Amino acid sequence: MRLRLQLGLLFAIASVLVSCQREDRILRQPPPANDILNTIQISGLNPGATSIPTPPSSNMYQESAYAVSEGQKLFEQYNCVGCHAHGGGGIGPPLMDRDWIYGSEPGNIFATIMQGRPNGMPSFRNRIPEYQGWELAAYVRSLAGLLPKGVSPNRPDQMNVKPSESSTSEQKPTGITGVPEQHK
Amino acid sequence: MATRAISDTPAKWGDMGSINEPIRRPLTLDVSSLPSVAFGHRNTTWLANVFYMAIEGMMFALMFATYFYLRTRSTDWPPGHLPPALTYGVTNALIFVFSLAPAWWVRRRAPEGDRRAVRNGLLVLALFALVATAFRVFEFTTLNCRWSDDAYSSTVWVLIGMHSGHLVTELIETLVLFAISLTPKMEGTRLADAAINSDYWYFVVITGLIVDVLIYGTTRFL
Amino acid sequence: MTVAEPIIANDQDTGKSELARRLARTWCQPKGFLGWFSNTHHTVIGIRFMVTAFIFLLLGGVLAAMIRLQLIRPENSLIGPDLYNQVFTMHGSTMIFLFAVPMMFQGFGVYIVPLMCGARNIAFPRLNAFSYYLYVGGALVLWGGFVTNTGPDVGWFAYVPLSGPAYSPGHRADIWSQMITFTEVSALGVAICIATTILRHRAPGMTLNRMPILLWEKLVISMAVIFAMPAVMIASGLLLLDRLVGTHFFNPAQGGDVLLYQHLFWFFGHPEVYIIFLPGAAIVSTLVECFSRRRILGYTPIVVSVVATGFIGFSVWVHHMFATGLPQLSESFFTAASLMIVIPTGLQFFCWVATMWTGRLQLQLPMLWCFGFFFVFLIGGLSGVMLASVPVDLQVHDTYFVVAHFHYVLIGGALFPMFAGIYFWFPKITGRMANTTLGTWHFWLFFIGFNTTFFTLHFLGLRGMPRRVYTYGADMHWQGLNVLASSGVVFMTAGLLVFLANVIRSLRMGKIAGNNPWGDAGLEWSMSSPPPPYNFLHVPTVSGRDPLWEDPPDQPVVVGLRDDIRETLVTHSLDTDPQHKDEDPGPSIWPFLTALTVSAAFVGSIFTPWAVPIGAPPVIVTMIGWLWPRGQSPTPRPSGEIWVR
Amino acid sequence: MNSGFTFVPLRFLAQAMTLDPGHHHVLHPAAPQAGHIEWLYWITFWILFAVFVLMIVAFASAAAKSGVIADHPLPILEKDEEGDRRASWGVASAVGITVITLFLILVLSVVTGKRVEGLTSKNPVTIQITGHQWWWEISYPNSQADQTITTANEIHVPINTPVVVLTNSMDVIHSFWAPSITGKRDLLPGYSSAFWFEIDKAGIYHGQCAEFCGLQHAHMGFSIVAEPVDQFQAWQQQQLKPAREPSSTDAARGREVFLTHACLMCHTIRGTDAGSRFGPDLTHVASRNMIAAETLPNTAGALAGWIVDPQRIKPGTEMSPNPLAADDLQALVVYLQSLH
């Protein structure tokens, strides 16, 4: 009985911690920390041979729904969609499957984004701050289902051609009141 | 089994005398002769069931409003989809219409206290509900859209999904009542419950037919 | 069945007679830990509703204090935007869904309606108990979310697309939506219980035109709940589907529509205001009548205006959406409707004044709170008239002016009458009088604090301070007024502490109340305080609108209800002719178990859609357990008894 | 203000009562529309104030007339038919007066609504306002693409000229509100709506988002600069030019910093390679009075602070922190400040 109580308590504490982390809005980013930004990947033949960059605090981005959703926004903004589509691939490799050329760890993906890879993947070093690289890495991992469900974006419309939730160009004007005639 | 209307068994007011006379003893309203089971609109559960149907009906009405509201936001309807295929939908509509018969039968025989008729009626009704549910499963596969396609598809799925929820609830309720009717407990208020169950089945049928009109009709003729 | 012993009137029920002992045995509720969860008597559930709701009033008040503290100076860094958004969302959701409706509609209603009807228990007591547990489940979900950093942060209205999948990552908005499901199912359940009780369990003779105004209002509110709450369940349900399974109801990119959500939400949201206000008005009508020592003037107009309020309340929802730019014609219509709803409320005010004017007013503590209500709600109502006008609304909509307005309306319309009601029915509920001196202190502290805080907010709104901002710039010159507003919190807190002290003190050493300390007319004062488990020794009959004032001492009582089973009397909805006898289902643990399984399914569905198919079987099993006929009546009913078709 | 926080209520009251500059106040209109609404506000206010006084007098005198002090419940009054009839007449006439008053307010409201929405002039300026989390994109659409001006958070309009505003939102619902000018209008994603305003007094008017839109709803301000027509046209001409070339080595280096760091991922400076539209257009950023959606003054210090750590100033903003080296930052600020 006591054991069960203790287990229950542990579970409760664990779920509180998980929930706190999952829901945390990381508004203040930790300072950049990785030297990897300045090392240059010459060849893609030995993936993971050099040290894999580590996120500033373990799982900070991988387990935060906010970070993943920020990553999703950046994925659109920085036009990752242009080559990878919404995970389905195009010019670049698809990101929804489980085939990883350069490794599936957050550090691998981060390195891919920051350093670029041969055959087309540009380097975003100096273009985007480091934490955005981690956020993007987290989102990319969520596309492949590598993140816990509670963290991943809910709407499974990565494959949709249209943007997930924003206005489109063809809109129905409405409520035009009190506007000069020639504008109606 | 004797059945008498309420008007035949008035509650007996004790002798009240005149209000102005001095009080001799407290006066009474004797209700001991009143019956303990009521059918139809006098039953309290019947009233609760009406309220429940009002709530559910309101939810359906709002979903219908949502459907037409979203209709105004799109030029073509259904937007970029084929209308849902008719086969299963029409079959199910027919099943609904025919299932009114056993429901009516149960509702009619229950006040007579005819336990056998009620039991058989419930069984037939449950079979109808079961078949309708089975067809409903196939209906989902022929909607020609997926709920995550666009707002139209979402509405269609939620409309038919909501109704399926009611269908399954009603199926379970009918099965439970049928199970009760196999025991000696099927007496008194339980018979009234069986009759109320038929009322609710009418509701499920009517909303089902309206949902069908929306899903299969307006997509073709609107 | 005839009662052998001499009949004693209800107001002389000493609990000593043989009949009282038999009834007490029949109607007793189980004791012990499991018994606590099996209790289905309406007085017990009603008190639980009220106590729980009061706890959430205090919690919501703490959140309000946090808001006022944060705004006490410009660019304050005490609470960041993330927490602030959670705090004000929690404040609004707690006060509306966990305090106002459960307290004013569910709590008061469940406790008082059967007593006023002359019934031995509420109709469907198990559904009633289930509703309470579900309400607690919803409250725990919301506050559990808040303490684990998953408190909703999208406002109590959760407008899309901000609350949609793209802009609210994580489960914060899901928690909000699911809390709505919990509390609305609970409110709907209680609405069915209360409406059925009023329509079917009134004492013989309490025809529609003799029904106390409070019962009329409870009936109207129940109907408003039945027709309004489905709208918010649809709104939050579709939001949940959008967020969890990827539907597109509110996604403009895929044919969805953001205004649809607002229409659905406010179609519920405005009747909700009347669901909160009408119980307050009902309490005031009751108290004005009692303390004016005369029949209320204008019974019929008041009843008509209550019903009219219920109807018009459904046709004004768009005045929350004037700023969205709707066509002008609809704006004019909704302005007219919003102004029209002032008429029935004004009529009630005039009737109260006239009743007091022609009566013999006793300004006792509950009446003092009524006067607080008159003052505060009047201001709120009048600023509401301003808001009904589209041009003015476009200026002050979503500013602190509106915040001031609806706090005047809601605190004025619910909290002041609530305290009036608590002081009034405290003797009935507890058997002891509440202390008048402390109650007067409570009133003045709260009244001064309230007006300091919220009257000031009007000016802030006119100076252009929008709602829901976590801070403001020093150059906006809003600090002085904000400090003034925040200072009122001190007084309100002090007032509430005095109230708590009063309750604790009065429970232990308050004056013994007796059956009817205020000399009121309602049937609830005819039995001992607190009421026995069977409520009425004999189900009473009624020959007038104010039974205890008008009925002759030899008013007949109902006899012939069995005392060995929980038999209740069902009467006709309109003329209350006795129709048949029903049996109260009695205590049961199953409603609690059902609430547990339903809660598990609801909470699970936040995390995975599979919770619905997996969670459904336990729900079905517990429901069957709840409804399955079991046991036998102590003495079997005679076979071949008479049925009514 | 931060350091000088004291508990001297008088001081705060005095401060509360001082008139603010009148550029963000419902009751200090600077435009005909806000003026009409102010008129309606005051006339409604006085009508309702009279009602309020009457009601309070009624309650107080009812209490004074009939009030008795007794601890125990008094006996019930006998029915007084005559008194009740008189009281009923009172109630009925009060209801009648209420109906008339409400009708009057309805008429006033509708008339004012028409006056607010009516427009006579034929040559409006058209502005497209697009809401973003948490800033305003302002553009002056023109049929020729190169004649379209795009700026952010600062709206220049000519005085005495109607301005037609087309609204849209890129993300969530925002609400455009400048209290001294006119009522608010929601910016709804999926809807484009239009309204208009006109300003007759030159000046700078403040406005703010009025619909809760997320973390930085509080810091989503804008300003309206109303100026004489010739000044407005001069401003337009200036805005149409591409960004000015760096005139010093510092500024040239600053441009280099801009183009090699995260800045160009989100911002546009016309005339350079930076062409992304996710943040405000910075082509003429130095011509604006404030930065970060009216949060900070456009000074070198504030600009530098904003670039390095925007999350301290607006936690949650989409702008990323930029830990630049001191001399890079210095150069970048010099460059941005040269973009008049």
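Per-chain residue numbering starts at 1, and chain names A, B, C and D are given in the order in which the chains are listed.
Here, contacts are C-beta pairs under 8 Å (C-beta built on N, C-alpha and C of every residue); 3 or more make two chains touch, one makes a residue touch a chain.
On a predicted model such as this, the values are computed, not experimentally measured, just so you know.
Student: Which number of steps is the smallest that gets you from chain B over to chain D via touching chains?
Tutor: Steps on the shortest route: 2.
Student: What are the two chains with the top count of C-beta contact pairs?
Tutor: Greatest count of contact pairs is found between chains C-D.
Student: Taking each chain's centre as the mean of its C-alpha atoms, give the chain farthest from chain B.
Tutor: D
Student: On a C-alpha centroid basis, what's the spacing between chain A and chain C, in Å?
Tutor: Distance between chain centres, rounded to whole Å: 45 Å.
Student: What is the distance, in whole Å, between the centres of chain A and chain B, each centre taken as the mean of its C-alpha atoms?
Tutor: Inter-chain centre distance comes to 49 Å.
Student: Find the geometric centre of each of chain B and chain C from their Cα atoms only, then give the gap between the two centres in Å, rounded to an integer.
Tutor: Averaging C-alpha atoms per chain gives centres 29 Å apart.
Student: Could you put a whole-Å number on the gap between the CA centroids of chain A and chain D?
Tutor: That pair's centroid distance is 34 Å.
Student: Quick check on chain C: which residues sit in contact with 2+ other chains?
Tutor: 80-82, 161, 166-167, 242, 245-246, 251-254, 256-257, 324-325, 328
Student: What are the residue numbers in chain B that touch two or more other chains?
Tutor: Correct list: 73, 148.
Student: Would you please write down the residue numbers of chain D that are in contact with two or more other chains?
Tutor: In chain D, the residues touching two or more other chains are 116-117, 171, 189-191, 193, 195, 215, 315-316.
Student: Over in the complex, which chain C residues touch chain B? Could you list them?
Tutor: Within the complex, chain C touches chain B at residues 1-2, 6-9, 123-124, 127, 188, 191-192, 195-196, 199-200, 204, 226-227, 229-231, 233-234, 238, 241-242, 245-249, 251, 254-257, 260, 263-264, 267, 541, 552-561, 567, 569-570, 577-583, 620, 624, 627-629, 637, 640-645.
Student: Could you please specify the touching residues of chain A with respect to chain D in the complex?
Tutor: Against chain D, the touching part of chain A is residues 25, 27-29, 31-32, 73, 77-78, 126-129, 131-132, 165-168, 171-180, 182-183.
Student: Which of the residues in chain D end up touching chain C in this complex?
Tutor: 1-2, 5, 9, 12-18, 20, 24-27, 34, 36-37, 40-41, 44-45, 48, 51-52, 55-56, 58-59, 61-63, 65-70, 72-77, 79-80, 83-84, 87-88, 90-91, 94-95, 98-99, 102, 105-106, 108-110, 112-113, 116-117, 133, 171-173, 175, 177, 179, 182-186, 188-191, 193, 195, 206, 208-218, 221, 295, 315-316
Student: Can you name the residues of chain D that touch chain A in the complex?
Tutor: 116-119, 121-122, 124, 126, 162, 164, 168-171, 189-196, 215, 260-262, 264-266, 276, 278, 311-312, 315-316, 318, 320-323
Student: Can you list the residues on chain A that touch chain C in the complex?
Tutor: Within the complex, chain A contacts chain C at residues 15-16, 19-20, 22-25, 27, 65-66, 68-69, 72, 149-151, 153-157, 160, 162-168, 171, 174-177.
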